[in-house]
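This is the structure I want to talk about, given as structure tokens.
The first chain written gets the first letter, and so on, giving A, B, C and D; residue counts start at 1 in each chain.
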Amino acid sequence: MKIERAFEAIANGRKEAERIGVPMTLAVVDAGGHLIAFARMDGGSYLTNDIAIAKAHTAAGSKMATADLEQAIGAPHIVASLSAATDGRFLVIPGGAPISEDGEIVGAIGVSGGSAEQDAQVAEAAVG
Amino acid sequence: MKIERAFEAIANGRKEAERIGVPMTLAVVDAGGHLIAFARMDGGSYLTNDIAIAKAHTAAGSKMATADLEQAIGAPHIVASLSAATDGRFLVIPGGAPISEDGEIVGAIGVSGGSAEQDAQVAEAAVG
Amino acid sequence: MKIERAFEAIANGRKEAERIGVPMTLAVVDAGGHLIAFARMDGGSYLTNDIAIAKAHTAAGSKMATADLEQAIGAPHIVASLSAATDGRFLVIPGGAPISEDGEIVGAIGVSGGSAEQDAQVAEAAVG
Amino acid sequence: MKIERAFEAIANGRKEAERIGVPMTLAVVDAGGHLIAFARMDGGSYLTNDIAIAKAHTAAGSKMATADLEQAIGAPHIVASLSAATDGRFLVIPGGAPISEDGEIVGAIGVSGGSAEQDAQVAEAAVG
């Protein structure tokens, strides 16, 4: 993914986060799950950093929104074990969404800072 | 375990995965839980890498299929805590199976990429 | 540090990196060493991600440019040992520079992707 | 990279390792640095596993043979610090080589088990 596409997604997400009045952290990764762009909005907590990055990593690897993935996996203890087995990088919580270009998934955004619903809403707004 | 035995298990598992049409990741470890052979089928996600390896590690160490281990341990919060305590390497999710030679367990295979049932099915096909 | 200040530093650094024709990765952290903003330019390697972040972390914590810190510490084996002791986060290689506001250090930028000299040059251009 | 290409590289590398009589561990990663295929030859040590994987990760990320990268970076303490900053994944030791398809780098192989020269020789034989 080109960096301009990554920053466009972050800008779109920030607009939605401002609209609902919640400071968010937004991370964009490439198809290999590696960070390209990142923004923590004023008032956001450093605790959200790794969470936003892990959601993006998960959405890029699974090619699914993490909200859908949560429903697909189901059992809470399996969700916890998968997190542990992947050093926390497989994070099955709403707020991650794949980014497509010409019908191909080229990476993903991960959003953290609000409720699960708010995070998912901002991620969806970000990827358009 | 000889490498040829490890690749044979992977080849058997791949055949079953192709039969059910799910791209899988398959990891074979020796009796010490260390990787000998590995294959991620075309279309498989990098998120499954650590999971397949952890399942193999768990099956080799416990000398049990991870599906049986899950039932033996039972309480979900214990499953999650064991994962955390072992840095994710003790992963009690179906899809790991010991590999035997002359009645002795010489290692294990771990499979990830489908549902828990599919992963276990491919692991069983792999070890024959 | 406000996010707009962080993005301004990244924009300044990117301009210098483009001028010298080297794709760089730039990370901005707050006074606590936690990521606020990040950009990996097109053509940059994922290997530079952790390095840029560690340089920023080191410059914010030491309130010094990492190039100066390297000279202050001196002995190479001490540099390597400090890295190991801090899980890699204390990284004494040129390319990190503190960011000030009203005479107070409010965070830092870390840059990776070129030679040590190029990284330091871009970091200096970024913080102005 | 397709799995068949990955196994072809491993088979080529094994042939060369057998020719020189050194049991090697060979790891192939995709362009994002994630494992696709792996083989530890009979007699190889589990200590080589992480090393082979890190060399492949480094060659894929830098798009260079790790032998060339070592000469480019130079100072030993910087090499050590880069390792620490990346949790050991940036490993600047000969034995990693990029894999190309149609002029594009699609991943890399990492080889460990012999001397630096032998590892590099097997990696080169693997990628053809």
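Basically, a contact is a pair of C-beta atoms (placed from the backbone, for glycine too) under 8 Å apart; a residue touches a chain by one contact, two chains touch by 3 or more.
Being a predicted model, the structure only gives us computed values, none of them experimental.
Between the chain pairs A-D and A-B, more C-beta pairs are in contact across A-B.
Farthest from chain C, judged by the mean position of CA atoms in each chain, is B. Note on chain placement: the centre of chain B and the centre of chain C lie 41 Å apart, centres being C-alpha means.
Measuring from the averaged C-alpha position of chain A to that of chain C gives a distance of 25 Å. Centre-to-centre separation between chain A and chain D, using Cα means, comes to 31 Å.
Centroids built from CA atoms put chain B at 29 Å from chain A. The residues of chain C that reach two or more other chains are 46, listed in rising order. An unclassified topology is adopted by the chain contact network, corresponding to no line, ring, star or complete arrangement.
Those residues of chain A that touch chain D in the complex are listed here as 30-34. Residues of chain B that touch chain A in their complex: 45-47, 50-51, 54, 76-77, 79-80, 83-84, 86-89, 91-93, 116. Note for the complex: chain A touches chain C at residues 2-3, 7, 30, 32, 34-42, 46, 49. The part of chain A that touches chain B in the complex is made up of residues 32-33, 57-58, 61-63, 75-78, 80-87, 89-90.
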